[in-house]
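The structure is given below, and queries will be raised subsequently.
Lettered A, B, C and D in written order, each chain numbered from 1.
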Amino acid sequence: MNTCIDLLRAALVLGLSGCGLAVVYGHRFSQTFFSVILLSGSVALFFTALSGWNVDFIWQASLPIYFGVAPLLIRLDRLAALFLGLLGAVTFCAAIFSPGYLKHLEQRLNFSLYWFSLFTFVTSMALVVLAANALTFLVFWETMSLSSAALVAADHTSSAARRSALIYLGATRLATAALAGGFLWFHAHTGSWNFADWHLATAATVIPSILILIGLSIKAGVWPFHIWLPYAHPSAPTPVSALMSGVMIKIALYAIIRLFLFHGETLPAFGITLLTIGLISAFWGVLFALVQHDLKRLLAYHSVENVGIIVIGIGLALYGQSQHLPAVACLGITAALFHCVNHGLFKSLLFFGAGAIDASAHTRDLSHLGGLAKAMPVTMLCFVTGSAAICALPPLNGFASKWLIYQGLFTLACQTHSRLGAGLSCAAVGVLALVGGLAVACFTKAIGVSFLGRPRSHEAEQCSEAAPAMLVAQAILAATCVVLGALAPAFASLLTPLSAAATGSLATGNLITLPLLPLAIILSGGACLIYLFVLGPLRQTPPRVCRTWECGFGQLSPRMQVTATSFAHPIARIFKPVLLYKTVSEISGAHQRHFPERIKADAVMTSLLESKVYLPLIAAVRRLGRQTTRLQAGSIHLYLLYMLIAAVALLIIGAAT
Amino acid sequence: MNSLALLTAPLLLWAVCAVLVKNTRVLGILTAGWAWLYLAITCTLAAPVSLGIEPQVTLAPGFSIDATASWFMMLTATIAAGAMTHSHFFFQEEKLREPRPKSTHIRLFYACAALFVFAMTAVLLCDNLGFLWISIEATTLLSAPLVYFSRTRHAIEATWKYLIICSVGIAFALLGTILIFASSQHTSLSAGSLSLQQLIQLAPQLNYPLFKLGFIFCFLGYGTKAGVFPLHSWLPDAHAEAPAPASAMLSGALLNTALFAIWRLLQVDSACHHGRAAFGSNLAIWMGTITVVAASLFLIRQHGLKRLWAYSSIENVGLMLVAVGLGSPGLFFLQALNHSFAKATLFLLSGNIIQSTGSKHLSEIHGLLKLSPMWGVLLVAAACAATGVPPFGSFISEWLILSASADTGRWLVIFLLLSGISLSFIAVSIHVSRILLGTPKAPGSYRHPVLGSLIPAALMSFLFILGLTTGGFVSSTLHIGGAL
Amino acid sequence: MLGLAETLATAAAIFGIFMSGCRHVRSAIYLYAVQTALVASIAFVYSASEHTGPALNISLAVVLAKAVGIPFFLGWVVKRLDVRTDSGAFLPVPLSMHVSIALFATSYYLASSLDGAAGTFSAAAGATASISLVFTGLLFMMTRRLAISQIIGFLTMENGIYLLGLHETRGMPVIVEMGVLLDVLAAVMIAGVIVFRIKKNFKHIDVTRLTGLNEQ
Amino acid sequence: MSTILLWLLTFSCLLFLPSLTIGIIRKTKARLQNRVGAPLWQHLFDTIKLLRKSETVSENSSWILRVNTVINISIMITLAFLTPWLSFKPATSADDLFLLIYLFAAIRFFAILSSLDPGSAFGAFGASREATLSVLVEPAIILALSAVALSAHTSNLSLVFALTANTPISQAPLWLLAGAGLFLSSLVELSRMPVDDPTTHLELTMVHEAMMLENSGPNLALLEFSSALRLVVLYGLSGQCFLHALHCIWPFASAAGILLSISIIFALAVVTSLIETVSVRLKWTRAPEFVAYGLTMSLLALLVALVTGVSS
């Protein structure tokens, strides 16, 4: 208990001193210096989580720190410790990754601001996780949002980054507004700001629960509120994208889990809604990821997908709870928590990979990459591991959590008496399989086009392997993915007390019944043996190296390789109605029948949600603003008229009441 | 009588100095000195009251310092001291530019500023609706020359609008005052009274229809002065065209005093109702809400830097009006405190930025973060403080206002306020990010005097500390818990 | 005697209506002076007839300042600026006079309803006249082009309010009365100075053309 | 003791059945087309020969080439041990429906990567098509298997496919539909006729063959063997469904299952060759339509399972 508090205090002190030092010495001290502070802070945080696993302590700040109506209240329990540990782990790797990565941004970033915002961001994330009442939560939530927005805009000379930051700021403010509405309502009804006293998703609290859910969903990037995500993640520097995608959006999900799951009765409608929205998110996210050709944007859309999967887990848990199916609830919540951790790990790993490519090739556009396998073999190995994990290939960690989701859905279908629940869970199994197939397609595209084949541009040709520290960061994460996958049953049983607390049932023992560790050993052992005895070094004749088979047409050029767009084309064509996908070709010299001079083909995709919902909405608000500003026309006579109108109106109101 | 002399002496001496001293550099330093002295005296007089040591300090018949007034007095004096200190640096810098301001203009500015502060203090002190009216009219008349300082076409236009619209508004208020006086003649005190204390005592006997009529007219009048939508039309013009220190005082002090007048009247109104949902507080809450929403819509399409902050002031006025309507002086003051400091910083900084870039159009200012990081950071911090973002106290005060409305079940108000606050934050952040980020246009001829950021930095650091301790220290002092 | 006060008040309102139909600035000032003199004389009537009315010296000050000082000052300004006519901005001058008459009728209606509410008006005529003066002043401000006309309109409003105060409360406390008077005087002076400035910078004092500050 | 015997039997089936089934398909097809055709064991001979040959590797390829092969074959063999494609395979705790599906996905993942590896447009287009088909087929397979699993209330396939004494006749449609869905999906998954022509020599239109274009020697041998193994496993799975349908209608002793489960694979091989003789390869853009039939069967099976399962 005491070590835990000491460690937490150390972490916070390190975070705050990092802020202070960054403001004063941001552009004088080296990146390594700040990275070391961040590193030690993250270590402290991680061990806080470890030592806090078995304690449940509540701490209230003493007076001058007070939020007007509620004190600063912190609570470290097992659920918070889990997310704190994730934050510590990802920050640890980000700190290792940072110095090498930031080198190529030296001309473009203001490091005082960058490090200040980063330290604020990490510290506030830790405090959001620890918050035990609404005010503490909201204050650090806002701090977290603003500091991350500043980080998105860190590379502020690019107009794209500025735009992204603004979109993100707008989204996050709306999220706060929705949350504020819900919190106020709860306070008005319960008279307490403490989360422990609130019962969300019950019949009496439908509207505030929906508000809170909307607020958290915006932040989590759940469909249809995910719009900001594909803008913000690519624009931010890579360590930030990793933290945002790996941890920040998880914190929103953490809040959903904390607020919705840990108190008895809930309405089944909430479970059903979350399940449905999670399914749509997963499908929508992966589908849009498939047609992206910016590597980080692709990863950002995958976050939408994975958030969807986690939301499915939460929905299952809620529904199981409401239908008194403890097995389903237990599977759902374990899956959600497990997937949160997993996604945090492999998504930051993938972002680091994308960042390493960006730092080395100075582009993230898949159409300019290719053939990096030779130059960056370690990065590629880590990237492939991360991709395999996100595609849920066994025996990696992604599979374990996705398996739990499948099991939860399957158990629901078996046990429920509601036809709606059974049907929905069966449909969910199908959609999840579809999503899995799409994810495989998407990541094989990303790896294939960036690492394999031949370089498509001069930059890609000139690439070299990332700095050792950057590789270490990736390797740690990749190894964690493998280990967590192989040891998934043990990890899942670690989470069991949590899910038992949420469902109110007794611990159901081992959830993952698959022998994943033996499977991993058999698979890798078998692969090694086959390599050694059939293919590898024990053979007498070494392989002959020659050009790729070109069907006798003559030399192949890099431009003849398949591009990201053409790889995804057949699938995109199938899902045309959702993607609004169409190909545009431009042929000069078309009149020469079979001998045109130049053909340019491109695929255009518009987001239905963006073009049909959000843009018109924004346009409407802007129009309203324009109409309002017309009032201020500059004529003093008009202004006097307003006064007269106001006077008459108030008099009428006064007479009426 | 002694303390009254003590309070007014620095201001009058300051005005006299402005008339006598020809050298504007010396005058600037002297003025700053007087302003700080005035602040010190105000604090010694007002602090005992605000800390609850003394219930009330009577300065003269009809003029006394009560708790709420004591907080606002200190706030006004602080803003004045800050603005006057900054104005010294501001005018020194201004003299390097063409057209150079004449020394007589600067002296007039200082003289009027002194009297303006005097008038504002009078508003806070007086216990009489008649004197209240006179002081508010005086603030208009004395601040008109401040707006008029640069004598450009726009400044003159702004002054004219300010003068005429506020005068008409104030005329309404006079009408209202007369009606209230008339309503008080139907009580046991047949001669009638304008004294607030007496009115509150007599409240149950007042002729309510007449009083309500009077209240509406007073609300219109003082609302005009405070910039309540749709009576706000003078405000963006005057705030944008006045020199930066004057804008800071207009926004940071004058708006508070106008709202303070409304607060005084509301006390009488709620006394008429014995705490039932009164007409006046409903009116204030709804007008405040409408003002917040309208201001946030105005913020979307803005071209001028200072006009932006002017509309943001209107938004904050709306919030303060809601606090006033909720009947909580603590909340009103907390919001006013945070807003005044933030807005003073913003106007002072904007003055610097306009001086340095030579443009007051948002579309022509870019890359401030590269030009002068210090100003950029201060601007962001102040904008955050003005739009209610933690860790600044405005977040807490806005939250308290929302929470108080929630406790009375005004969900529509909360919805509108939340949308207004969100929209204005988004709009302000769009504009601020345009100024702050990107590549600056002509960094060559750019000057950013260090002293120019002295006062803004001091104000912001105070606000920051305040934000961290708002809840604990300040709210326990202001008895917010009790007021809620 | 009360009948006299109401007659005077109605006369003041009628002069106000005449003023709103006046194209020449100088005539408007004269009409304003007459109207103010009538209003001030009501104060005399009250102070002479009732003990509750304003003190004689106040009434005298009002007459001197408002009915003599201000018209003189305005006349001087008009002379210096060399403006003669104000053709009206949004409403033709004769029509604005007719609107004023309509407003007079509205005032009568309002005054009688107010009468019911307040129950203090000895007769509706005084209130009618005063509300009508407020309306006329506001209308004058809203329909005239020249800055100087706006000052006159404002002063007319002020007259109306003063008249209402007289009728309703038989005069405010002395010190308040003095303060109000001082403020009005200062307002007129400052406005006068700014009118000169407008003339200097814009070469005209047409406020309909002062629309540089807007949100377009 | 008998378990060890059964494992040995399974292992030998795993070694010899793939080549034999491919041989049967080819032989039947040849006979239907009035040709003599290659010997029944030709596939096995080819594999052994390829294993002994030397290898040619593209200069562009990376370590993915080798990784693909070894992972492919090791996963496939593991899969063959985990999937109850033969009635007599002993059950393990890892015979999980969802694990199997994702092991298949892992194979596909590396196969697609390896075909993108050499930078050849043909391989890449094959990969793109493979990805497309798998996107469509994966839900069909998982839904068909879920349907049968749902009726058994467990996702362990060995338990699902265990022949129980008294299965109601009402379950026959479920098993039939699931089997049909699985079979149609396997045709797509295995790149067989209506979707892809395994004997084509036009690189532009190939799917499965194009992906293996750059593999040679032992590499190719292992991949060929792996894909043959995949064929028997998938046929075995759908065969098991048909077997159960039969069992519902006419219960037979579980001893008969050993023989029946092998012979039904051969029967399906014959059906495949029949289809490949009478039909032509579909235009690529119409391939999804064919997949839709498989999906429909699976959905129907699921519907039946839900209706019967929930009410029971």
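Operating definition for what follows: contacts are C-beta pairs under 8 Å (C-beta built on N, C-alpha and C of every residue); 3 or more make two chains touch, one makes a residue touch a chain.
Remember, it's a predicted structure, so these values are computed and weren't measured experimentally.
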{"item": "Highest C-beta pair count, chain pair", "value": "A-D"}
{"item": "Centre-to-centre distance between subunit D and subunit A (centres being mean Cα positions), rounded to whole Å", "value": "36"}
{"item": "Subunit B-subunit C separation of Cα centroids, rounded to whole Å", "value": "31"}
{"item": "Intercentroid distance (Cα basis), subunit D paired with subunit B, Å", "value": "78"}
{"item": "Chain centre separation in whole Å, for subunit D relative to subunit C (CA means)", "value": "99"}
{"item": "Residues within subunit B bordering two or more other chains", "value": "160-161, 164, 168, 213, 236, 298, 301"}
{"item": "Subunit C, residues touching no fewer than two other chains", "value": "138, 141, 150, 207, 210, 212-213, 215"}
{"item": "Chains touching one another, given as label pairs in label order", "value": "A-B, A-C, A-D, B-C"}
{"item": "Residues of subunit A defined as touching subunit D within the complex", "value": "370-371, 373-374, 377, 380, 384, 387-388, 391-394, 399, 402-403, 406-407, 410, 413-414, 416-417, 419, 422-423, 426, 429-431, 433-434, 436-438, 440-441, 443-445, 447-449, 451-454, 513-515, 518-519, 522-523, 526-528, 530-531, 534-536, 539, 541, 543-551, 556, 558, 560-562, 566-571, 573-574"}
{"item": "Residue numbers on subunit A that touch subunit C, as the complex places them", "value": "629-630, 632-637, 640-641, 644"}
{"item": "Interfacial residue positions of subunit A with respect to subunit B in the complex", "value": "63-69, 71, 110, 112-113, 135, 138-140, 142-143, 146, 153, 156-157, 159, 162, 165-166, 169-170, 173-174, 176-177, 180-181, 184-185, 187-188, 621-622, 624-626, 628-629, 631-632, 636, 638-640, 642-643, 645-647, 650-651, 653-654, 657"}
{"item": "Of all residues in subunit B, those that touch subunit A in their complex", "value": "160-161, 164-165, 168-169, 172, 212-213, 216-217, 219-220, 224, 230-231, 233-234, 236, 279, 282-283, 294, 297-301, 369, 373, 377, 384, 389-391, 395-397, 399-400, 402-403, 406-407, 409, 411, 414-415, 418-419, 421-423, 425-427, 429-430, 433-434, 436-439, 468-473, 475-476, 480, 484"}
{"item": "Contacting residues of subunit D [partner subunit A, same complex]", "value": "51, 54-60, 62-64, 66-67, 69-71, 73-75, 77-78, 92-94, 96, 98-99, 101-103, 105-106, 108-109, 112-113, 116-122, 124-125, 127-129, 131-132, 134-139, 141-143, 146, 149-150, 153, 155, 203, 213-214, 217-219, 222, 284-285, 288, 299, 302, 306, 309-310"}
